[in-house]
């Protein structure tokens, strides 16, 4: 069994945004030399997500509006978590909706994906350096 | 290390419905010959889910009502995504609540499950051919 | 390839509560002797979650309030599932928001975690014995 990992760094200039990291993950798979296996991609921060969906700007706008409805940023007093001096209570909630991680199959050296599947890093408390882990095991 | 995959095809006749695919996954495990390992089951489409919960028709009715409240299908104008000509903006949201995938343990050739765990394919934009991937690695 | 599993038992004295199980998972990794691999941690019950977030009591209070808003326990008649004689319809919904499982990387014999990542068992229908599965594969 082989294993491989890489940490990817991001600094998103908005509080909330989504960026397509599919190509980064594909490069990791190539670098790993693994032909058949499983690839875990997870946010290493608890106010961010990794998820799979469509690379369509209208949908991303919809997601932002919807997440803001489900877990509004303001008023900050809405969240006991913000009593610690943080202002990211909402981000911890948004991340639970969108998820921490994805596990994807590698078949014949490639992401085993449907036509429209793309991997996104979802930031909910941006404007700082944050990491995503790619861990691959297989043969 | 051994690996195995199979793509399962479904065509659900409702816009939204849940079907129990536990037996399909069990057949894959048997076919794979893998005794100890991990099994990934994921929707290959971004308007569908794979999730684990109870096979109880009242609960499934509850889920449908709740998902419709959280992300209503109509009015279509609610979603910028629908400006692309699609009418499935809601389905992309419902899928995020229910999740893309499950990872399940295989122990002694069997799904290592609690008493009530069952695997479901969740369709949110049906009436078309769609795929689920089962990928297994182990020994 | 090596594999390892352990079932952890919990009996939470509240209907809804979150407990930090990171140390339990670390012990499993040590016991497994696996240096590089993937570790699945999942609830074996369908009214409970395993998730990764912050060990901060204010945040946990926020989560409880928020989950109660999204899927209230009462009135019981809100859920068709409760017509079966159960009173845990809400718990099946809360679990979908928080997720069934996490998959975490093991690198150099340790959880490959960001600074604030901690693993929680999330109970939504407590006051009874329930199990969490830890399954590890790797080398």
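Lettered A, B and C in written order, each chain numbered from 1.
Definition applied: a residue touches a chain if its C-beta (ideal position, glycine included) is under 8 Å from a C-beta of that chain, and two chains touch if they have at least 3 such contacts.
The model shown is predicted, which means the values in this text are computed figures rather than measured ones.
Enquirer: Please report how far chain A has to rotate so that its Cα atoms sit on those of chain C, a copy of the same sequence, as a value between 0 and 180° in steps of 5.
Expert: About 120 degrees of rotation relates the two copies.
Enquirer: Please state whether the interface between chain A and chain B is built from the same residues or different ones, using more than half shared residue numbers as the mark of same.
Expert: Different, since most residue numbers here occur in only one copy.
Enquirer: Approximately how many whole Å separate the CA-defined centres of chain A and chain B?
Expert: That gives a centre separation of 20 Å.
Enquirer: Where in chain A do residues touch two or more of the other chains?
Expert: In chain A, the residues touching two or more other chains are 1, 38, 70, 97, 99, 103, 137.
Enquirer: Which residues of chain C touch chain A in the complex?
Expert: Those in contact with chain A are residues 1, 36-38, 51-54, 56-59, 61-63, 66, 70, 97-99, 102-105, 107, 112-114, 116-117, 137-139.
Enquirer: Could you pull out which chain B residues touch chain A in their complex?
Expert: So the residues of chain B in touch with chain A come to 1, 3, 5, 38, 40, 42-46, 70-71, 79-84, 89, 92-93, 95-97, 99-101, 103, 131, 133, 135, 137.
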